[in-house]
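Take a look at these structures.
The same subunit A turns up in both complexes below, where it pairs with subunit B and then with subunit C.
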Partner chain A sequence: MPAWLRSRTTRDVLVALIVVFGVGSVAMLLAHASPIDGFSALFNGALGNTSEISETLVQTTALLFPALGIALAFRAGLFNIGAEGQLLLGGLAAGVLGAALPLPGIIIIPVALLAGATVGGLWGGLAGFLRARFGANEVIATLMLNVIAALLATYLVGGPLKEPGAGASETPSLAPSAWLPTILPDTRLTISFVIAIVLALALRYVFTRTVFGYELRAAGEAPEAARRAGINLSRTALTAMALSGAMAGLGGATIVMGVLHRFNTGLSPGYGFIAIAVALVGNLDPLFIIIAAFAFGILQSGAIAMQAEAHVPRDVVGIIEGLVIIALAGRRIVASRKTS
Partner chain B sequence: MYAGEIHALVGENGAGKSTLASIAYGSVKADEGTVVANGTVGLVHQHFKLIERLCVWENVLLGREPRSGLGIDRERARAIVRELSARHGLAVDPDAVVETLPVGVKQRVELLRELIREPSVLLLDEPTATLAPSEIDTFFVTVRALADRGAAVLIVTHKLAEVTAYSQRVTVMRAGRIVARYATAQTNADEIARAMVGGDIPALAARDATVQTPRLSVRDLSAGSGRGALANATFDVRSGEIVGIAGIEGNGQTMLSDAIAGVVDYAGELVIDGETIAPTVGPAQRLARGIRVIPQDRRNEALVLDWNIIENVALGRQRNAPLQHHGIIDRKVAAAYAKEVIERFDVRPPNPSAIVGALSGGNQQKVVVGRALADAPKLVVAYQPTRGIDIGAATLVQSRLIEARNAGAAVLLISFELDEIFALADRVYVMFGGRFVGAFERASIDRGRIGSLMAGGT
Partner chain C sequence: MNDFGAVLLALAALTLIKATPLIYAALGGVLSERSGVVNIGLEGILVAGAFTSVAVSFWTGMPIVGAAGGVIAGAALAAILAFAATRLGVDQIVAGTGLNIVALGGAAYGLVVIFGQPGASREVANLGRTGEAVLIVLAFVLAAALWYMLFRTPWGLRVRACGENPSAAETAGIDALRTRFWAVVTGGAIAALGGVYLSLAELDLYSDGMTAGRGFIALAAVIFGRWNPLGALGAALFFGFFAALQYTLQRSGIPSEIMQALPYLAALVALAGFAGRVRAPAADGIPYTP
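Up next, the complex of A and B:
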């Protein structure tokens, strides 16, 4: 077998493609639809014209933030499956601040984004703290914190933060000054896309060039060797989880400020989970993660067109994404168990 | 191999000895060729394959327990094991739980487990690796008796003293091939060694006269609990000397090394150049004070196997200038560090971007030792620095340790190979049961007495 076929990236991509087209076709057939019609409607709906492409990029952005965070935690040897909760609370923080503070955009936009990142970071950092202090498994901790985050957001929005006359599951609209500026007229594509790309490039630099990234990777790849080389594993776990959560939280804030213009408890259709697959398909390398996020963005945004035109239920996309996560994440967990 | 004979299979690590034994046993499939055995074949592995939580008879009779109805006839099981152990002179208590047994006794259990199947061919893979010198003699009495009763016995080993003392014939392997066969009576250790290496054995670096001043002072150091704990160790290491710690594996050496590395909690006093190092001082500050520990498990404790040589050589120095500047790693400096180690230690392939996990064990160890000796360390703890590597790499590592000593480093050499300690050490301490039970100057080293102290004698 040639080397490129043996590499983990290639195999992950192949697995993902097989799942997408193989399982996708089967699911479409089971739904009494033609896979050819289904996939062509899906790709047409995602990439057919400028407005569809921009919508695909909106989905790409929403996946990219949590995927980068998950990749950072993974590189440190930690499996953050709590991006969904971190994203939700980050969005809530941005939504509350953006609606409550009538400030000019130049101030409120950075403040609200920072608030989203901070709250997401605290939520992820909590799992990191539990791991560093008590040795609690971060998979369990982040999974539990997801549930807590969802219930907490529902409670806050329906109770203490409720505005008279507003819906039960959302905060009041943000002041327009807190809306993220669009980068393409008449679309929902905002500067958050640019921020996400810059973040990916920055993260790659951090991984490859900085002492921080070096220590993070050492802790993830060979914890015992890292510890003996003077790297503080507890501190690394705490920092990695906090930063991971901050990226997801920032992503939540950009959805609230750029797309919905208010916080809604249903703001994420599972971005935090799909992002796990995005991070793994991207082999935890920020550059490849951009490409993977775009691929999953196509699935996300093409799903509706597929349902409307080819009469394939959009849930088929959900099934595909779920199976990609199981296939890739499952394989990694098995591999990590074997080596430890 | 002939019935009634002890046959030695020798060769360097990686020569293919264990693979050959596994093929003969049937646990590894041959790509080509055939194995013909008259009777059954038994194999005792280098690393014991016992179930630690079960007792001796449960291990010995696993899969062939005497039945009584739906249950096991425990009385008969004990009787079978007692009879077997008496017949072969391998004393064990059938009811002892394996994890509580000393290594030498575990080996007897491992042997009994094969003997119950009455093999006519018995393969022993590095059987004496974890035994004390006195236990080795006893062990070979047992093996000789087996051969006398008609078994063909193969010992896979790299200890030539055992080969010449106990075997009738010798087969030498190198790089997967059989390169020489001898009748033991008509050869000698030197000839066998040259056949193993495929040439002359490189000479060790010369030991220069050094100025020795107090460097490491350890007082009443205790760490860990139970088997393998360290109890009240008191000793000194001076600059410009190599102090050897002789002892059998599992007698507190790991705790000693880990305490100095700062990765376990300990009580007692650890002083370097007059400065007390408290247990709370972590590995980072110890590295900064010139302490370097070459750990025993290079693959897990020293290297990041998926990384290349450059990244691995940087490990532990990532926060030091000039490698690091404002939190950014200087790639030129990192590459220069790697190049230095590659050149000084003759790392093969000499490619700084080679992934360390793909290197041979010897070359991996060269990277580990090269990194530890790179910036004039004050104290070097070398734990089994030549374990599992070929003679060429081992001699090179040993020579570099001597050179570090000549240059003024204090070197603490922990080794299970007495030959290595005698070749390198200026002074020798003996450890048994976590305690320091003997001290010898180089001039007054008494092999017999050290061997007896290692086994718990006086």
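Up next, the complex of A and C:
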């Protein structure tokens, strides 16, 4: 057997494909639809023409930001299960600033993006702080922070930030100067896609070529050895969680500024959780994560077409994504939990 | 009885109603974690119990069969996690997250396939007032029974040994993987009763999002209750009280989101504050490979 076929990554991709087509087919048959019709509707709906491909790339982008953040935390041995909440609050920050400040785009776009990353980073950093300072388990902490973030956003949008003319669960529309410029005319694909790709490439460099990347990996894979080598584990945990949250928050900001043009409490259909699967399928390597995000982007954007044309409930995609996560959960045991 | 007394009585009743699903979910979590498997999928198990019990009651017209179906669904979902955690040695947190996504997707899919409509099921025959009362009382009985089983019987000692030090347990002749597997599956069955209560006792239908994060509050109750069934019972009642208070104070001007956030904030504080004094079972969340 050639080496590439024996490799862990190849095996995982095969497992993921078997789950997608196997479980997907069964679920389609149970819904009295032909799997051939279902999958062809799905792939046609995701990749059939330019506007559908661009919509798939919009979904890819939305998954890529939180997945990169989750991968960074994973590398440090930390499980950021709170990307969903960080993404939501990052989007809220961008939505509030973008609607409130009538500034030219050259100023407001970077400011609002930065605000999203900052707020997401603070929310992730809070979990990192609780872990670094009090030894609180970051898994439970980020789970709790997810729910608190959702309640906080609902409260702020429906209460103190309520504006006349805005719906109950959304902020007013952003000033057009705060909209992210599109890179393809007549689509929703914006420069956020480029930002996400550049971020992935930069992260790959950081992971493989910098001292910080080495420290992350040391803290994640051999915390005791890292500590003895003088790496400050508390600081690494705090930094990793803050950066992880910042990436999810930036992703939330780009959804608000590029896709919805206002903040809505329902802006994410679970991107922060699906991104866990993306990060795992991508083997925590930013280059592979780009490919994985595109694959999951196809599922996300094709689901609606599949429902409309082949009469398969779009929630089949949720079942598939969850099973892929379970099937690939074996690939990474978070090292810090083995020793702490 | 004066008005104040009536309000208090209503508050106490509502506390029981709001606490019951949390008690079941938290007890399931305690059993699982005592054996060494963290179950982040409690929310998904609540969904499975709530949805399946309604679907089975719809098919059979017999709510009691529906309740049994819900329990079996919860146990089956937990068995996926149990198998992955014991035989595949996977990361339990990752697998539990997947479990939640599968259950939510599965229930939404089931609504369309079985009831032909997204969002919510039709109304079905439910367990009635008697059934609701039985489920509330059973939650307390189960908490006491689980405490006795875990801390006063050889079975409980074995389960706890697997959660503290599975290789020592193996040395003493206990099949650690088998013990963990059945603890997680039984925990799933218990937690699913919380879902059954939500859809088939408190209400008579399943709707998307009806579990509303209760599985996560239950995780908090496990920690707050220090991995002890009676402690978890107390924590679930405490959180149930806040949920009830939120309904009672609805017109008081206190934003309901703040009241809803209290259990989660309390859990964060507990997590940070207890960390030094209270600890999870030593091998909680760590895959064991013989």
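To be clear about the criterion, the second predicted complex is superposed on the first by the 323 of 340 C-alpha atoms of A that agree within 3 Å, B and C clash if a C-alpha of one lies under 4 Å from a C-alpha of the other, contacts with A are read in each partner's own complex, and residues count from 1 in each chain.
Here is the rule we use: contacts are C-beta pairs under 8 Å (C-beta built on N, C-alpha and C of every residue); 3 or more make two chains touch, one makes a residue touch a chain.
Since this is a predicted model, take the numbers as computed values, not measurements.
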| item | value |
| --- | --- |
| Partners on subunit A (subunit B, subunit C) - clash or fit | fit |
| Subunit B versus subunit C as contact partner of A:A141, first or second or both or neither | second |
| Which of subunit B and subunit C A:G270 touches, first, second, both or neither | second |
| Subunit B versus subunit C as contact partner of A:G318, first or second or both or neither | second |
| Touched partner set for A:E163, first subunit B, second subunit C, both or neither | neither |
| Superposition-derived angle with apex at the Cα centre of subunit A and sides reaching subunit B and subunit C, degrees in steps of 10 | 70 |
| Subunit B versus subunit C as contact partner of A:L280, first or second or both or neither | second |
| Residue contacts on subunit A - larger count, subunit B or subunit C | C |
| Shortest CA-CA distance between subunit B and subunit C [superposed frame, angstrom] | 5 |
| List of subunit A residues in touch with subunit B within their complex | 209-212, 214-215, 217-218, 221-222, 224-232 |
| Complex contacts: residues of subunit B adjacent to subunit A | 261, 263, 282-288, 293, 295, 300-307, 311, 314-316, 318-319, 324, 327-329, 331 |
| Subunit C-touching residues of subunit A, taken from the complex the two chains share | 27, 30-31, 79, 81, 130, 133-137, 139-141, 143-148, 151-152, 154-155, 158-159, 270, 273-274, 276-277, 280, 313, 315-326, 328-330, 332-334, 337-338 |
| Touch list for subunit C against partner subunit A, complex | 38, 40, 80-81, 84, 88-95, 97-106, 108-109, 112-113, 118, 213, 216, 219-220, 223, 255, 257-258, 260-261, 264-265, 267-268, 271-273, 275-276, 280, 285-287 |
